[in-house]
Amino acid sequence: MVDKVQEQVEALRRLAHTPLQDCIQCGRCSAGCPVAFKMDLLPHRVVWELAQGNLETLLKATAPWQCVSCFACQNRCPRGVSPAAVMEALRLTAIRQQGANKYDAAQLEHFDPELPQQALVAVFRKFNK
Amino acid sequence: MLYNYYPGCTLSTKAKALDQAARACAAKLGFPLVELPEWQCCGAVYPLAPDAIAERLGAARALISARDKGGVLVTLCSACHHVLKRVNDDLARDEEIRNKVNAYLEVKEPYQGETKVLHFLEVLRDQVGFAKLAQLVTHPLTGRKIGAYYGCMLLRPSKVLAFDDPENPQLLENFLQALGATPVRYGMRNECCTGYMAVTNPGLCKQMVGEILRSARDEEAQALITACPLCRYNLVANAAPEQKVPVYYFTELLAQALGLQTEAAPVQAGGEG
Amino acid sequence: MLGEKVTVADKTAAPAPFEPKIVAFCCNWCSYAGADGAGTARKQYPANVKIIRVPCSCRVNPLFILRAFQRGADGVILCGCHPGDCHYMTGNYYTRRRLTLLMSMLNFMGVATERLRVEWVSASEGARFAEIMTSFVEQITALGANVKLRDLRCKK
Amino acid sequence: MQKIGVFVCWCGSNIATTVDVAQVVAAVKTIPNVAFAADYKYMCSEGGQELIHKAVQDYQLDRIVVCSCSPRMHEATFRNCAEQVGINPYLVEIANIREQCSWIIKDRAQATAKAIQLAKAAIAKVRFNTPLTPGESKVVKRALVIGGGIAGIQAALDIAEAGYKVDIVERQPAIGGRMAQLDKTFPTLDCSACILTPKMMDAANHPNIKLYTYSEVEAVSGFVGNFEVKIRQKARSVDAKRCTGCGICTEKCPSRKTSSEFELGLKTRGAIYIPFSQALPKVPVIDREHCLKFQTGKCGICSKVCPAECIDYTQQDEIITEHYGAIVAATGFDLLPLDKFGEYGYQDSPDVITSLEFERLTNATGPTEGHLVCPSTGKEPKSVIIVSCVGSRDTSGRGKTYCSKICCMYNAKQAMYIREKYPQIDVTVFYIDVRTPGKAFDEFYRRAVEEFNVHYIKGQVGKVLKDARGGLTVFASDLLSDKHLMLHADMVILATAVKPAAGARKLATMLTASMDNDDFFTEAHPKLRPVESPTAGIFLAGMCQGPKDIPETVSQAGAAAVKVVGLLAKDKLRTNPCVAHCQENICSGCLACEKVCPYGAITAETKTVINLAGVKEQRTVAVVNQTLCQGCGACTVACPAAAMDLKGFSNQEILAEVDALC
Amino acid sequence: MQKIAALMRQKAQELLSSGQVQQVAAWRKGQLAYDNAPAVFTSPEACADLVYDEFCPANLSKYLLAATKKKLKTAVFLKPCDTYGVNQLLKDNRVQREYVYAIGTPCQGMLDIKKIRAHGLKGITRITVSEGVVQVETVYGTQNLPQRDVLLDKCLQCKGNAYMIADTEIGEKLATPEPRGDAFAAVKRIEALPPEERFKFWQQELSKCIRCNACRDICPACSCEQCIFDNPAAPVAGKAFADPVEENMFHLIRAYHVAGRCVGCGECARVCPQGVKLGLLNLKFMKDINTFYGPYQAGSDATTPAPQVTFTQGDVEPSAAGQKGRS
């Protein structure tokens, strides 16, 4: 069981592909994040929890679905860490499971016809497998 | 030099204004855009995970096609530009991704990131030059106080995009100045509009757009320009009624200043300020 | 040395992996101190690298380098202070010219110039020293044993 | 026949864990001429040195190889050890089996094999070593201090008090440096000027100290004991000898738009100006770039109003050449430019300031006469946010990788100062860590929290925006309560990273002193020789060596001064005997050597030499001045005939090493 | 040419009889029509044997070494290309100017007897040149050859008819042969080869060497009191050690050693009995020096410092040179 957790943590770290151990927990990522006020687990915490291997906390978090991949966190990080990449790893881990899509295409018809295509493509990339 | 052009999905449909003005201006400015004969959607978002190979192929095909046609690829949409530049960087730097992509596409001559991906604005700045552009302006936008909205994807991550200083960008302000307008600097110009949250979390989107417009209006911007169809959509569709300002694509104002189009039709009804 | 014999390989034994011989000429003021720094920081780099301390990179006669190659070195690396930072003000500028000409000539004679490297490494660049040595050993290992330079002789 | 003794050190476990020292001993014993070999736990210890002494006596050894740590560490130790037992110190070679072997290799077999090879190379070299005797060179009894901040002033005062002449070269028109810009100092909160000004006075009036202000070092040549330095004294356009410092000229100057360097742009000054009120020397200087007289030819008011008639528009830069036995670099620091940190709004709002600017805003002689007001409105702020680590501890390439060291303390100082003088102002400090090692330092910081109610929030600021009400919106994080914050502030103070002063790199090049990648001067040994540069005769004081506060700077300056005094107290220096020498009978006199010598140590002399045919003949040969030669060896390679060789690193010695390693 | 030879004899006799010089370095008639040899004349009478024609290729500048040692004021006849050698020797301090009386001697290109013989000519009795035609008289008859076909290789790279140093000049300057295109064409041809071929080429060339040392003895840049190859303490192992280094790397070291001092006289290649193309190594260094550090011609004066004893802060990096050389 423990091994299974460890394995998943390792897989997450591989997907995130960012130097977690370089983080000094300054909190600049969370400070500058445009959607941080909506997040249950702030970007600095997401990095911390993955570095610690706290899988349960990470998988429970809804923050990855608030993250918009604007890369403000990554760009302002003084240590070259990308919290955005950890968020992506968490999203992918979730949606790569069968039937775990986060966005129901049926909802689409309710949306503004003016919505640019790129928004729809992006949503399907970010929320669905 | 051959300016291969990658319009991307949105510019072919919802953001035709951005596209058409750009083509007309480019021709006038001496760098006619030649659309790649075949291209696919770039995927709109950059695939961050290193194992996401399939998601990189659309961009890779465009890059390889451009490599075979002189090696320059011009983009307009912030999202396309972001994805193409970053995938190109992956192919130049990450051996594993490069090998996988080349193997999958069965490229004759392995692609190693040789194509130079340029944003239309980079061409304006580095090849035409804003000083020259200013000389070519026939209908200057004198007296118009316009704020530039960069958003996120043009600027970040700055090490890969190398577009402008991500925290203190000046390219669009210099561009506006060249057109004769008065650029308005405001703090939120490089913050994200929340992009595709327009679909999944419009509430969040409205809140953020509110912040951006407040910041712009505080500095007395009478209109905004952007390079991204999604930014423009959000700034218009998700703006509170009392905050609305006209939002143009930068190419529309460029066309206007060059006398190619008498007036840019803002998505937003009503005159400026 | 005199009377050195060529040992005939024991054919029954498995062939030993190629272990290149690398000579590094290091300036006392920069790269030698950098190597000390690498050691102090416990930065690992291959044992193949053997350092000869010189007071300045400009003390290294190109003929030392040729001699090393002839004696069987598979790679030679010369490290000096960054141009402009020479402890003796100008030494590395002369080194740069001397080695440029040597490098070009070796290339002209069809000898792999990858076997000879010149790097500027400061005393504070311990980690970089280790990185450079590691990459040089990797490069030379990939090139294999140095046959050409040893055999660039009048008699074929 | 030579008898070589080989001594293999364990260095406790440092070497012995990875290198099989017994195997090294066994291997070297089989080498011809090795008459003795042994290992010992700590070769540098008294016991180890006794072992060497005894072996030398018992086995009549005449050469010594020590396999131990880097020669940069203990070569001198073992040379002394050899000398005590009658072996010329230059018949000692060190094989570096610690830094180059046991510390970089994990595999025991590999490490041992390499250690043996390094020992063999050292043995091969020592065979060719020759006894060398150091020469002597004279010591010029005068020191130069470069930089007139607190570090330079203190070093100069200490040297002068010991009875030696010392010159200070200061780039600015007055001495005082950064400390003169500060308002209060931690951890005592005493006034910076009150403690600095007396020292400035002492320096300016000391009979042994000469000030060259508005001056820069232009060129340095020579070496320890006798440096020749060219100093450019820039034209002040004012006759300093006659000027009384009345200041009438500075008041009447019609050009007033130049921003004051001393006031960090928070105030303007005239084209003729005295940088600050307590400036020493109190002599104005004309900034020719902004002076109407120089730019347009019209004006000349300062000349008309000067009661002492000392304005001189024709003054020229002057080059002074002086000799010094020792040089102290005390060039201080600048702040990291904030142009890459746009998110903090420094470029957009005048109310976002650096900590140094804050010092001027609270200083009684500053632009606001000490009233803390927002530069944009001139009104007192209601809330102030201090951001630590701006550009420090940043490995992303945007800032500096190091901790700037002083910020945590001055943040507390500034916060406390505000709360003490303006209790109605709310002060919040955002921090990553609060680092307060130092006497009474943590207590000081805690006072800020406990007595003065400064809010310390573990977290950082991500963005500062100007808002419509003329204030600032600050986006931040509170890591301990896991919250994203949006705060309002009237003033934001950025604790900006320090960096070595501009021009330090250029100076280091002139001094041939080494620098690290951040352009801080490197010390000869980080622990044991912290105030000396690896270049003999160059000493370091203050921020130019690394971030440090005033007490540390003053101690380092004092330490550097003692080192200088120790050097100047000697009449002669033992010179490095590892110098070039010319074998005159094969010198062809082409003088390629002379052309590459950076010290002018080689001259052509017409001499009678016995040529190779055994015939006496008169011809031109190169002759090396053994005192001037510093032993780089450039000449040895330039010499086509190998007539020029370097003692201690001779062709034969190096080739023996090459052969042993290949 | 005969007129010039007569003027030379006259000048030599004058100089010797007036005591202005103590010896004259020139050429003496050999046994055959084409084997003139360098000679030193010490009396006006002996000068009767002084000759000059198209078979006087030897650069006499190196004779000045001995003249300086002996402190004998020496007149030396120098063809335009030989004057570079004298300057180099002066720069290297190997020759004292006070012992030199340099006489500029016109030249229209020296002939290569091997090339003449290659036309199948035997029993040669007399060779004269006029208007670009070489008339070869043999016991079997007379044959005319175009001069350009039988010039020495080094004359095809002629540097022109200007004297870099001359105390006086003999007669009128002659038109020297037009240089054959790019001086570095041969170097460029080798550079263009793949590395393996370059290596093979040099292995073949250098295998011919018999280590007779003629190349170093003739060279005006090789003037050391003692050659490093003869010095056991030098960074190359001396002969005493019988080390392979010396033998294997001789040519590389020789060329490296004269780089920046080689005047490009081509004498080394001319005197090589094995026909090793060793001039190419010297030319390669000259080309590199020109490319990396700007145009430089050793021997054009006696003062400009050699490229190896100067530098600029922006010099090319060695790594770049390894690449550039490839082009």
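Chains: A, B, C, D and E, in written order; residue numbering restarts at 1 for each.
Heads up, the rule we're going with is that a contact is a pair of C-beta atoms (placed from the backbone, for glycine too) under 8 Å apart; a residue touches a chain by one contact, two chains touch by 3 or more.
In this text, all values refer to a predicted model and were calculated from it rather than measured experimentally.
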The chains touching both chain A and chain C are D
Chain of greatest Cα-centre distance to chain E: A
Need the CA-centroid distance for the pair chain C / chain D, whole Å please. 31
Centre-of-Cα separation between chain C and chain B, whole angstrom: 49
Centroid from C-alpha atoms only, then distance chain A to chain D, rounded to Å. What do you get? 46
Could you please state the distance in Å, as a whole number, between where the Cα atoms of chain B are centred and where those of chain E are centred? 68
Multi-partner residues in chain E (2 or more other chains touched) are 235, 237, 308-309
Touching two or more other chains, which residues of chain A qualify? 72, 76
Where chain B touches two or more other chains, by residue: 166-167, 191
Chain-to-chain touches, reported pairwise for every pair that qualifies: A-B, A-D, B-D, C-D, C-E, D-E
Please give the residue numbers of chain D that touch chain C in the complex, ascending. 70-73, 96, 98-101, 103-107, 110-111, 113-114, 117-118, 121, 508-509, 512, 514-517, 522, 534-535, 578, 596, 598, 630-634, 636-638, 646, 649, 651, 654-655, 657-659, 661-662
Name, in rising order, each residue of chain E that touches chain D in their complex. 69, 91-94, 223-228, 231, 233-235, 237, 257, 261, 305-306, 308-310
Within the complex, which stretch of chain E touches chain C? 187, 190-191, 193, 195-204, 206-209, 211, 235-237, 241, 244-245, 247-253, 255-256, 259, 281, 284-285, 288-289, 292-293, 307-309, 311-313, 315-322, 324-326
In the complex, chain B residues that touch chain D: 159, 165-169, 185, 187-188, 190-191, 214-215, 218-219
Can you list the chain D residues touching chain B in their complex? 339-343, 345, 347-348, 397, 463-468
